[in-house]
Every structure is written in C-alpha cells, then in structure tokens.
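The following pair of complexes shares a single chain, chain A, combined with chain B in the former and chain C in the latter.
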Partner chain A sequence: MMMRPGLFRDDLPALLALLIPVIWRAQGDPWLGPRLALCLIVVFGWQALFARLRGQGLSLHGAATAALVALFVPDTAPHWQLVIGLSFGVVLGEAVFGGRGRSFVQPVVLVLAFLIFSFADQPYRAGPELPLWTALPAVVVLIATGQAPVGTVLGAAAGLAGLSWLTGADPLAPLMSGALVLAVLYLTADPVTSGATAAGRWICGLLAGGTAALFATAGPAFGALVFATLLTSVFAPLIDHLALAVQVARLRRRERRLRHG
Partner chain B sequence: MALRQLSDPLIDKNPVAVHILGICSALAVTTSMSTALTMSVALTVVVTLSAGIISAIRAHIPGQIRIIVQLTIIASLVIVADQLLQAFAWEMSQRLTVFVSLIATNCIVLGRTEAYAMHNPPVPSMIDAFGNGLGYSLVLMVVAAIRELLGAGTLFGAQVLIPQAEGGWFVPLRLMLLAPSAFIILGLMVWALHAARPRLAEAREFALRESEKEARP
Partner chain C sequence: MGFPWRPSRVPLVAGPVGDVRLHGTLGFVGSDLAALRPVLAVAEGQRVAAGSRLLSDRRRPWIVLVAPVAGEVVRLEPGPRRGISALEIRAGGDEALEFDTTAAGSREGLIALMVQSGLWTALRARPFGRVPNPATTPDALFVTATEARRGAPDAAAVIAEYEPWFRPGLAALTALTPGRTWLCHRRGHPPPQVPGVTPRGFPDGPGGLPGAHVHALHPVAHGGSVWQIGWQDVIALGCLLETGRIWRHRIVALSGSGVLRPELLAVPPGARLHDIAAGRLIAGSTRLVAGGAEDGLPVPFLRRDIRQVTALRHRLREPGRGWLRQLAHAARPALIPNALDERLAPPGIAPVPFLRALAAGDVETARRLGALGLIEEDLALLNARFGRQGTDYTALLRQTLDDLEAEA
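For the complex of A and B:
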C-alpha cells in the first residue's frame, strides 16, 4: 500500500511535537506505552481497511490521532473502552466521509466526546496534567508548518481568556495548562474542521474558546473544550458560508463602484 | 400485487430508512422496546384506518380543502388512539408523553393518504398504509432493540445482560439512551441499506477527485 505525499510537511512535524508531552507523561504512567500501541493498532487497522476498500493510500496522520487519544485519556481508562471509543471516532468521524480532509469533525474530539458521554465511571472529562512547557514545541511547530491556523488559535485563546474574565474566573488559567494548549492546537485548530476562510477561522476560534469558557463554569475545562470544539466544528461550514457571502457582497459593491465611479 | 404492497415498504420503500419520514417520533420513543412497540401499533392502526376512510370518501373531498379534510380525519383517529391508550394503559401513555398525539403530524400518515389513498380504492389503500405502518414499526423495533440492549442491558424490560453493578460483566453505554445515538444508528442503517441496494443511493452532489492525483501544494 502506497504512502500519500505530504509525509514530511504535514504528518511528521505534528507527530514530533507530540513526542515531548508523551515522554513527559510516560514517566508517571507506565501504562502509556501499551495504551499508545493499542491505539495505534486500532486506528491503523480501521484506516487500512477503509483505504483498501476505497483504493486510497495510507497516511501517517492516524499516528497523531492515536497519540492524542493515548495522551488525553486518564491512566485508569480500561482498554476495551478505548477500543470502542476509537473505533467509533475513527470510523464515524473520518473514515466514512472519505478520510482525512473530508470529514467535518475531528476524530479525536469525537472519540473523547463518546467516552465522556458513554462511560461516566472514568474521569475522561478531567484531561491530563501537563506543564505548559511540554506544549510549547507544538505551538511553534504547528503554527510554523501552518497546521494550526493562527487565526483559530488566537481566536480560541482570546475567547477562552475573555469569557473566563467575564465569568469571574482567572483569565490566564486555561492558557497555563499544557493539556488545554495542546487540545486547542490539535483539536480546535484542526485545519480541516475549523473553517476554511480567514474570517471564518477567527470566528470559529472565538466561538470555541468562548463556549469552552462558558461550559467550564459547570465542569472541568478540558471536557468543556472538547464539547465546545465539537459544537464549533458543526457550525464551521455555516460560518464559512456566511464569511464567503459577506466577501462576495463586498467585492460586488466594489466592482459596481469602480464601474460607475 | 397485494403482497408486494405489503413487502415493499419493509425494505425497498421503507418510509423511515429510505424516504426519511417520521424521524422525529422514531427517534424519540426508541429508548425502550415497549414504548417503541406501542408507538408502532398506534401509528399502524391510525394510518390504516385513515387511509381506508379517506379512500372511501375520496370522490367527495373537494380538491382545494383536501389536506384539511385529511388532517381532520387523521387527528380524530389519533385522539381516539390516545384516549384508548390513556384509558387502558395509563403508565405507557405517560411514558410516551406527546408522541402519540403527534402521530397527527407524522409525515408517513399524511404522505400515504395524500399520495395513495386519495387515488385508489379502500382495500388497496389500507393494504398500502398497513405495509408502511409495518415498515415504520420494523425500523423502530430494530433501533429500540439496539438502544435498549446496549443502553440498559434489557429487552422489553427483561434483564438480558447483567450490568457490572449487579455482578455481571456488562457496562451500559450511556450514550445509547441519549438522542444522538438514535441518529447514529439510523444513519448506519441507511448506510447499510444503500450498500446492499445501490440503486437507492442518491447521486453525489459533489464528485470527489481521483485519489491518486491528490493535489498537495
């Protein structure tokens, strides 16, 4: 099975940036290695199956999906729950739509939302505790390679800080947590699901950050961000549509003015 | 002929899975099989009787007000069904809340009376309506069976899988008792149906580019 192009530009940097938080967490959690291996097997199993059915190539970005899930779930999570959640998220969130780039939800978001909804006995909402510095390489790499649109990231940060301040929480607290920064970069600012127009990306980021800060008043911030991202990705096509309509109307007006002016 | 009228709406012309009608109630009452069965029986009875009555007087219904006349007949039958349920199965009617009364607005009922019963004699109309009621019931029962089994480990209220809390191995999937799961199950059913009967699938709105030539700048 052939590999798709874009390995060095798209897939590897995102993976390498995840290496540091994974290594940091592996020190306090001996089960992270087996969990990561299991996640990789499940994700690549489904992706290989669908790639074969559709005659497509296999890409490496599934490794990032697996690593993110392994990183974000609590260390007490039973492995069979992860298998069900991953199968659900990867198949229904990505594979049935035709693979990476054609879906409208981030598969990791769907996996986490499924686990949070289905299994209340595990603290999936809490998210891991990662220091901020473990997420800093990801900030640099993802923004430099264009995999996390700057507009969405800044919009989400502004939305989180702004609405946290309005609700009376500490506005900088969400930006000081490594897990939240990673979630914003990899999940909220996923280039596929966070809007395709420049204005749409800003609005998506603001919407995700703002709703996350609101949801966080009733629960852990990590779970709040997951649901806010899920909600935003549903609205992203509509936001893009509106942004395009505004842009087209502005160009038409300008054209008319130039012609008659 | 009559047999085809009965069997077609079960799979090939299923009102829920193919025509995507009556989704609202189909998803709302499928958390347990007993509510789904009650709802199925109520809808099948209402659609069959209303098709028969409307077909019998179809030559006397003025074309311009036919929808109002149809709705009056359907709504009367729905009220009768609702009252009977409240009289003889009070607890079940409480669990079904408004959804029995909402049969009056169910697209399957109005669709069959408007599309078929208005143009055909009573007996074929009733067979057609009964078939569509059975098609609706089939989807409801399948969705409800999946949701109740995985969400609570029971079927018709009888414990099939013993949950972990009571010493068994089964962990209930809470998602199955929430509304999104009904959409997901129905979507998977439509997917499976389209995979099995490719001519039911709609044409693509947007053609995908060949995967070999994926453009990556």
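For the complex of A and C:
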C-alpha cells in the first residue's frame, strides 16, 4: 500500500536526505550552522508573512529551501548578501505567486542566480565540494517518494553526460559531483517547475542537462546548471503545451481507429 | 514515469455469503435519488411490495425507484425544490410484484421491463455519466466485472455462484446496442461464455475501473457514446427475467481494519450501514463508510451501486497538534505533482494538466484532454491523493461535465 501524501511522505524525507550533506559540510565549515539558522529565519519570516496575509498555512518545504541555499553558497558569503538574495528568491520566485505549487521557478534557483549575477566578488558559481555518496540518500528518497520525476533526473543526467562528451569534456565528471547530483534532484527535477507531462519531463531534463554542459564550457559546472535550470523552467510550460498537443493528437487518431475499426 | 515498483495486488473478498438482519429502516437519501423532480407513487404509511414503484422523474420517466423489499413507507420528507430529502421503508412481509417478462426478447420489451422494475437506472452513459435516454442507442455496451478498490467483492467468485442468472441477464443486454457488448472481467478468471458478448480481461486496481475499459476498447473522449452497467445489475436482470421478480439483494463486501473478518453479505439496497456491520466489528470505536477505505462516504444508508462497506478503526487522536498540524496541513494547498500518485490516473489522461484545468474551471482544455471519457468514479482514486482540503476534483469534474452537457 502506498502512503498518503503529506508531511510524513513528502516533506520530512526530502529534508532528512539533506541532513547528510549538511553534516558533512559542517565539519569543514564552522559557519554553516549560523548560516543555516539565518536562512531558516529569512525563509520562514517571509513565508509566515505571506501565509498570514493570504490566510494560508505554512509548510515544511521552506526548510528545504533554506537548507539548500545554506549548503550551496560558499563559506565566505557575507550574510547581508544572503538575506537580500533569499528575500528576492523566496518572495518573487514563490510567495507572490501564492506559494509552492503555484510558481514557475524553483526559489532556490532564483536565489542562486540572483547571487551569481549580483555579487561577482564571491565564488557563488563554484558550488560546494561534496562527495558523491552524500547525495545518494537523496537519490533514493526523492525518487522513491515520487518527488523527483524519474524522467527529468535521467534526462538531465543523459543531457549532461552527452553534451560533455560532445564538447570534449569528461562525460562522467558532472555525475561524480555530489553538489551537481543534489542540484539536479532538488532544483532541476523539482516536480512543480520541471514539466507536468511524462514527455515534457524528459525534454526538460535533457534541455537542462544539455544546456548546463554547454554553459560549463565557459565556467564552473554548478553555476552552469543553475542557469540551465532557470532557462528550462521558463520553457517548461511551452514544452508541456507541445507535449500535450502531440499526446492529444495521437489519442484522437487512436480513438478514431478503435471506434471505426 | 513512475518508480519501477510492482503494483500491489488488490485484495478482494470472497467466500460464503452471509445474511443481514434488518433492525432499522431502509433509506434513500435525496442526493442518491437520480430524479430531479420526483413524481411520488406512494404516500407515508402505505404498504409496498418488493418491486412496486416508489417514485419516478417528471421529466425523464425512465428514472424509476422501486421498493427493494416489501414493507411500509414510514418516512417521506419533502426536500428543497419539490424534491425528496428522505424516504424510508420498514421491511416486513414477503409480497413481491410479478413482472411480465414475455416481451423481454425484443429491445423495446426489455427497455420497458427494465424501466418498470427500476433496473434501467443501473445503466450509465458516457459522456456525461447520466442514466441514458432509452430512445438513444449506444455505440457499445460495457459490462464491468472487475473491481478497483481493496476489499471489494470478488466479482469472479460471485458471478460463478450466480451464473444461472448472470448468463440470461447478459444475453438479454446485448439487445440494447447495435455495436459490441464487452464483458470486462478479471484477467485470468474467464467468465461464462454468452453468444454476442466479447469478453476481455483487465487487471484489478485502477485498471479495473470502467473508464479504463472504455479507453482501451472504445474511447468516447472525442465523440461517440457508450453505456456501462455493473456485474451485480446483470445478475439482478437475470433474476428478474428468470423469476419475474426483482432481485431483493446485492452482494456487499464488509472489510477494513475494524471488522472481525472480511465477509460477503446479501444486503437489500438502501440498508443501514449499522445493520450491515452489527455484530461483525471489533471491540472499540470504528467508523463505517460506504465504499472503499480511500474514497468511501460516511452516509447512513447504502446506495444500490455501492458494493462494499468499510469499517475503519478510529484513530484515537488526530496526528499532529498545533503548529505541527499547521505545517502538515497547509490551508488550500496547491497541486504538487507526484509520480507515485499520478499512477492512479485513468489511462489516456495526463493527470497534472487535467487536474489543473479542472481546478481552474478551464472547461475547453478539460474537454480537449479527455474529460468526456470520464465520470466521477474514474477520478475517485486520483482525488483521494490530490484532492485534499477544499479541492474536490470529482466535484469539479461533475461541474465541468455539466457545463459541457449544457453546451452540447
């Protein structure tokens, strides 16, 4: 029997899977704890304000947003930059649309893109150094609870490996980085922003992975994946529209054949 | 794309059929009566025989409700807009109306008999999910002999027991359509062979819903129409044809975490859930719902088309309190796509865009994505996952179908 959706099937496991990379990183980065606390305060502050204005409840998903930002920024990042970046991403990426499930960009992607764009003095593009094994629990948990569409994850992996090979880079290098794997799972394969149809999800994954490998020829792979994901989430509604048009046309043809055959 | 897990088997209830002692009345609640403007055929205090007409619809005279058992009408309450809000019968006596079945060989004779005996309302037409107008003819007829929910009666076992009635009922139904009559049965359990009927095997679970069968064999999402009927109503028609009297029972499965053991019971339509479960529940508090565990309804009486009663152990305390509960249950949550839940979608439907179109009231997109091929029951399993707190996608589908019907 499958579990019902909600806190215990969706939000908590996704959060617990982030615990391992956070603990691993905290060993070499004493500021991770305070940074995480700051991110949590900023995210939940904005969420509580909008929840109150709209008469909605809170959700635990904000904790994952805060943990991902705290994990992905460099340890030298000034806290005032984080506050501005988080406020921008959480408010304009999610809250103004009505909360999670109603927006079209992943807020963490928007936060990171904003930080990379605005503050060139910090190495936001580089992403953290995480071994692959710290990301493996997240792979299992997010796919087993249905939160990361398998099509998007495989599409992104195929796109990254394939285009890296074509551009002459090592095709397996992006898949060996824990930070990239986590970013693909939580950001690229976010179920809300990565396409709503089966075909659309594969195409979104391939597009994100492929463009990330292309962008990576001119900079670090992590920043490339963030921008590739941002680009893909903008195109996701169009991709879905086309995928649905093809699906409906095929179903209609099949219906005519069955009705008259 | 789902995670490659094997779908779990759907446990069904089989075994000897027990009897139910009726202490209370049989009831028909206003919302269950398909009639919009009823014409009453009985008055309060009047005695009725099994099969005698209780009411019919003013505009659509083929919608007829008959008394399932002999007894006395003890309560008859008028409802809003000249409707009936409640009709209750106290069972007693053994009188039964004799129907003339000699003309049932022809299509007109069969229709007249089914309308008279209240069996016509067992048919549903797609698109729109209404009781069909007998003046129309469907392109195909679907007989559903599969179950989609855990704890439902094992159709194959019960049909085997009632084969002397199932067979003539099925043979008679073929007259309703010039097209094919499909018998959709459990895969691996071949049903009785009847000339003119095409059997087809389907899996249990979501694939056992009539919507899945219609999609696989004769889709109507973009044109055409089909009718469907459940396997128990085929048995009921066979009983009527063979004996001249209506079948006074339906076989109902009682299951769930709150019962001593799951079992099959012969229950008259409209029976009180409490009467059905009396003496069969575990000690401690339980909650009875008509239907399956995921989408059952806490109603007092069992509708004729519902074949299972589920007793659920009461949770002593709601999980989570205060702030934790507020976190767990966001008010008016948006739809978050989930690959596991999407596997419960009816085939041929892209679940997330379809549910979004329903929620947005986008009738045209819903139609393009296949709304006309669906009725409420097809969406029930999906709704149990996605429709939480405030968003009832089955009700939204009904609204969408009503809008599309008004347009047509």
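One rule holds for everything that comes next: the second predicted complex is superposed on the first by the 256 of 261 C-alpha atoms of A that agree within 3 Å, B and C clash if a C-alpha of one lies under 4 Å from a C-alpha of the other, contacts with A are read in each partner's own complex, and residues count from 1 in each chain.
Note that contacts are C-beta pairs under 8 Å (C-beta built on N, C-alpha and C of every residue); 3 or more make two chains touch, one makes a residue touch a chain.
None of these values were measured; they are calculated from a predicted model.
In the superposed model, A:T217 makes contact with neither chain B nor chain C.
In the superposition on chain A, A:G146 makes contact with chain C only, not with chain B. Of the two partner chains placed by the overlay, only chain B lies in contact with A:V96; chain C stays clear of it.
Ranked by how many residues of chain A each touches, chain B and chain C are led by C. Of the two partner chains placed by superposition, chain B and chain C are both touched by A:G55. In the superposed model, A:T76 lies in contact with neither chain B nor chain C.
When the shared chain is aligned, no partner comes close enough to touch A:T167: not chain B, not chain C.
Shared-chain residue A:F114: touches chain B; no touch with chain C. Of the two partner chains, chain C is the only one that A:A198 touches; chain B does not reach it. In the superposition on chain A, the residues of chain A contacted by chain B and by chain C overlap at 4-6, 10, 55-57, 98, 102. Those residues of chain A that touch chain B in the shared complex are 4-6, 9-10, 54-57, 81, 92, 96, 98, 102, 114, 117-121.
Residues of chain A touching chain C in their complex: 1-2, 4-8, 10-11, 55-60, 98-102, 143-147, 149-151, 191-192, 196-198, 201-202, 240, 244, 247-248, 251-252, 254-255, 258-259. Remark: chain C residues 1-3, 8, 139, 150, 217-224, 320, 326-342, 348, 350, 352-353, 356, 368-370, 385-386, 388 touch chain A in the complex.
Those residues of chain B whose C-beta lies close enough to touch chain A in the complex are 171, 173-176, 178, 184, 191, 208, 211, 214, 216.
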